[in-house]
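Reviewing the structure listed below.
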Amino acid sequence: MVKVGIIGSTGYAGQELVRLLLGHKEAEIVWYGSRSYIDKKYSEVFGNMFEIVDDKCLDDNMEELSEKADVIFTATPQGLCASLVNEDILSKVKIIDLSADFRIKDVSVYEKWYGIEHKSPEFIKEAVYGLCEINREDIKGKRLVANPGCYTTCSILSLYPLVKEGVIDPDSIIVDAKSGTSGAGRGAKVANLFCEVNESIKAYGVTTHRHTPEIEEQLGYACGKEIMINFTPHLVPMNRGILVTAYGNLNGDYKYEDIKKIYDDYYSKERFVRVLEKDVCPETRNVEGSNYVDVNFKIDERTKRVVVMGALDNLVKGAAGQAVQNMNIIFGLPESMGLEQPPMFP
Amino acid sequence: MVKVGIIGSTGYAGQELVRLLLGHKEAEIVWYGSRSYIDKKYSEVFGNMFEIVDDKCLDDNMEELSEKADVIFTATPQGLCASLVNEDILSKVKIIDLSADFRIKDVSVYEKWYGIEHKSPEFIKEAVYGLCEINREDIKGKRLVANPGCYTTCSILSLYPLVKEGVIDPDSIIVDAKSGTSGAGRGAKVANLFCEVNESIKAYGVTTHRHTPEIEEQLGYACGKEIMINFTPHLVPMNRGILVTAYGNLNGDYKYEDIKKIYDDYYSKERFVRVLEKDVCPETRNVEGSNYVDVNFKIDERTKRVVVMGALDNLVKGAAGQAVQNMNIIFGLPESMGLEQPPMFP
Amino acid sequence: MVKVGIIGSTGYAGQELVRLLLGHKEAEIVWYGSRSYIDKKYSEVFGNMFEIVDDKCLDDNMEELSEKADVIFTATPQGLCASLVNEDILSKVKIIDLSADFRIKDVSVYEKWYGIEHKSPEFIKEAVYGLCEINREDIKGKRLVANPGCYTTCSILSLYPLVKEGVIDPDSIIVDAKSGTSGAGRGAKVANLFCEVNESIKAYGVTTHRHTPEIEEQLGYACGKEIMINFTPHLVPMNRGILVTAYGNLNGDYKYEDIKKIYDDYYSKERFVRVLEKDVCPETRNVEGSNYVDVNFKIDERTKRVVVMGALDNLVKGAAGQAVQNMNIIFGLPESMGLEQPPMFP
Amino acid sequence: MVKVGIIGSTGYAGQELVRLLLGHKEAEIVWYGSRSYIDKKYSEVFGNMFEIVDDKCLDDNMEELSEKADVIFTATPQGLCASLVNEDILSKVKIIDLSADFRIKDVSVYEKWYGIEHKSPEFIKEAVYGLCEINREDIKGKRLVANPGCYTTCSILSLYPLVKEGVIDPDSIIVDAKSGTSGAGRGAKVANLFCEVNESIKAYGVTTHRHTPEIEEQLGYACGKEIMINFTPHLVPMNRGILVTAYGNLNGDYKYEDIKKIYDDYYSKERFVRVLEKDVCPETRNVEGSNYVDVNFKIDERTKRVVVMGALDNLVKGAAGQAVQNMNIIFGLPESMGLEQPPMFP
């Protein structure tokens, strides 16, 4: 039984970790960390957990937590995990960080895009980028995992086979992404009020969103060179879900079957990546509550581009689900344990 | 392993049965019945089931189905189950009917409120009303279960202890209920289009909704006499959830603690009924995707009334979840098997 | 041309006043008051007003404002208007208060339900309750109008003819009301975030909501005695709209035509009250953006009750629209001026 | 007073025409055409129009209508207008066609993308493409106007200045568009049910959407050559609104001020096009219910691309509003007559 501590358990991603781990046969939550709600019953913060979770919220004392837990999930704002981690802690407990602190290898890129100083750059090299389908072997047994971003996971898994196989020009990539509002977090801001978000759609962070360098770094590894892409996120009036629509210039005269074969080669054995059938477009409702990523593509013979689409649940495969998947890999458990429920519709 | 056939598997309740049974360790779906989609792959109708369900949709041949299955769920329009059932079939297979055909003991009441002739009234007496928390013992081993309506389950479980204990005057009961739109079914009607439902709320079926006599009959059993209530359903722009707000005149000078004790006496051992803490109002989001019913009450000392509130997920405890709970009871399985996932929020 | 000052112009009701007054031929906004956004351009707070409103937000200096304006709308939290008003100001300018400060004649009732001390009780008697269809004659020429609450307007207009004519027992009245989320205001609270409100419904303020005594007082005037009712508000995942479903015990054997005639007698000449045709239920979408109230009723011959329904837009007839209607009456303008746009659907 | 007939008045665009024309001082609706609801009261189909419109729905007898009306709006499926129009009718009445029948000059392109035979190709040449801001002079006095598509209007107005001025390579253009669900029409289809659309986003018509050649043709005129672009529409769970996010490769080293000046040169005098301030992203909520198009752009110096954004209300500037604007131009009325209401928020 893996003993789990969660720091930031009262954010949306933290609560989703709780929901998933409660259904995980080999995990037990021993610490519900939440700076904002210390000593408050967890089920008073999240009424859905009434009579299910009886614990109170605790602080983020990593020393104490590292004694009690086998793994710590940090579902916290950028910078916090980097400020809490040290060699002593890492010698005693695995850390799966849902923030961006250890995702980007070049600390100057991190500091430029995030606008904060990195407090423990010495661990960046050691950290493994926890995109399970791509870095599975590297994750095994690691003690520090950088859980990928929500937009990033969707963008990379959608595009990876085409970039890796040289099907598209990586510098032509444009990623137009759309996210449900839980991605904006649970902070009390006017901009995220119901009446402000409902019945509207907008782009934000245009040309400046922080997931841009993360996508570029990982796709750069795939094609073996530095690349620059456009990434535009949008806010959609729904709770969950990310849809990525990406565009790339084809490097040759590919037919549907050619590209379908490439996707199948990469993903047919992947439990959580579903390559849809011809002409079926991914929809976020079809992955809601699950760890699936649905991907598909369409060749535009007129413009010699390919339109790639991917859909996932930002709180599951885009955050808590992938974190659990990483935990399973680290501890040698079946990779899909605790993640097997079908998507919920409607 | 219980072999399950579903007739009406491509409606919202039918699909929810599929979702729940896929996670049930002792059940196996052997028949995806759907008149509308015969020979079509189930996962083409419900994209969320892609790579999860590989079966094609079948017809509603009850004879063949009764040979293959141990239990048949009929998630079909009123009248169909009554027209399909017969002694031969019931001798071979259990039937859990999610329609109203066997809920009401007085066939003339059924025929009046539903406006159709009952095709097999000879089985009404045998059928047990499958409100698990109240009729658990009667359900065990039965071959024909009338699965309660969604509004009905929420209304009865919210009011039952007060009616049974004589706390309120049953003829004073007013039930004002609100439902998400999945309760309206998956038929292609203008009235249920996104733009017609979104950003609006309305009452419907005022004084004439068919769940009225069902509530009256069951609460009548609780107080030992025939009663008449007001029931008003409303359509709410959300996918899932029913909220009941009910009003009753208090028969005496009850304090909070008195009524709380009554609810606790009835429900503290019930896995799926949660009596909330003082002043906490049930919210449908807190039960979404789960088999829970959240109930609470508030005494109005000014008007000598009690306001009772209940919330459930109309597709789970209001339909498919309770049907699975009934299956578990019939077959002697742990009652919560396959129904243990926590509610999903947001 | 009536010169208008708005205090609290950056709340939802304040902004709706702006929207309506911009289309009013005889009104001109001279003061966009907003404590929170002083010196900020109004169109930066509300992007819909870009290139339409060029003004900056100002403070709430009532002295200065009373020199510049003919009428001041106070769309502010409870207590503010009472703390700002005085004889000097009232001698120079009309005040239409959208808060509750001058709605309730008995100051002790106000102080009990609102939990604050009233800062200018000397003006309560003078203030007229601005429910236009009922108090039209009293409003003319008045200098202080208490604009009714949103729930209150809908509840009273729906029930008034029946209470006034003795059709129902006023102490049997139960008002079950449902509101869109703009009624909760524009404050940054976790409870009003998109993901907290979306896909859920709940009751709140059960037996304690502040609109209760306001409804009781006005309906009490109608029947000539003090009454006590139940009022339960609910939060609905939509931007605008209030639906009231009210229940009352009939005092006699009324037929549909009897009650229809009563409603027609009261409302057939009212521009903004629409008595719907038989069996048509009010829907909030049908009044969105407009000053209409749609009402209808259904007799339940079984229980001898009548179910009364009313729908309005909480920001228009429930706040800003009725305030403009009051302004029109005070200044002798056509009552519907600036309020003539049809409801917007979808 | 312009006498107006509407064919297709019970679709969403048709009803929006009614809403706008009711507020138009120089227009009078004389014919509410609707094949589906002949002889039914218009206000029974659209409850918002109760006591506002007293007419019954009529058929689509163009001969009779051409005698009674000065202008006919055809808000009908593709192909209908082309099948009804003839020289006799056009000699008596103006026609503003909201379908695609007369938008595309090359009939073979129309027939290929729409998959239907054009029934009156002889009028294509005469028809003027009614994008008011660009073709204003050509529209004056015309008898046949092809009202542009919703996606098209938003895409073209957003990109036109950059294409016309050679700022971007037109063949690099990628338009990623998002639409509210009213764009899908009022037909009873499962895919448009509330529970199917709500809480989800998807792309559709990828590489094959019919607005593609319309955008290409008009932007081709702007740059003086044939171009090919990518256009991908998405369905968003909201009633109204289109957001376009478009990408283009910059032809040179443009600064913010350079491109801002170009947009201002084109649009600063346009009543209905608002070029937003630096870094403000268009949001559909800010144009809801109005005829505005909000546009803005962001230069990505890293990738040498410009991201262009545009937002409009698909039923107003994307359909009925622009149609009324065209009517105003044809009949020499002030162009903004009947279209002056500010956007409604929330």
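A, B, C and D are the chain letters, set down in written order, and residue numbers restart from 1 in every chain.
What we mean here is this: a residue touches a chain if its C-beta (ideal position, glycine included) is under 8 Å from a C-beta of that chain, and two chains touch if they have at least 3 such contacts.
Bear in mind the structure is a predicted one, so any value in this text is a computation, not a measurement.
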item: Chain whose mean Cα position lies farthest from subunit A; value: C
item: Averaged-CA centre spacing for the pair subunit D and subunit B, given as whole angstrom; value: 46
item: Subunit A and subunit D: spacing of chain centres that average the CA atoms, whole Å; value: 38
item: Chain centre separation (subunit A, subunit B; CA means) in Å; value: 36
item: Multi-chain contact residues (two or more partners), subunit D; value: 12, 182, 195-196, 198-199, 237-240, 283, 285-286, 288, 346
item: Chain contact topology (line, ring, star, complete or other); value: complete
item: Interface residues, subunit C side, partner subunit D - complex; value: 12, 15, 18-19, 22-23, 46-52, 182, 199, 239-240, 274, 276, 280, 283, 285-290, 294, 340-346
item: Partner subunit B, residues of subunit C touching it in the complex; value: 171, 174, 176, 178, 180, 195-196, 198-204, 206-207, 228-230, 232, 234, 236-241, 243, 245, 247, 281-286, 288, 298-300, 302-303, 305, 307, 309, 311, 346
item: Subunit A residues within the subunit C interface of the complex; value: 12, 181-182, 186-190, 192-199, 237-239
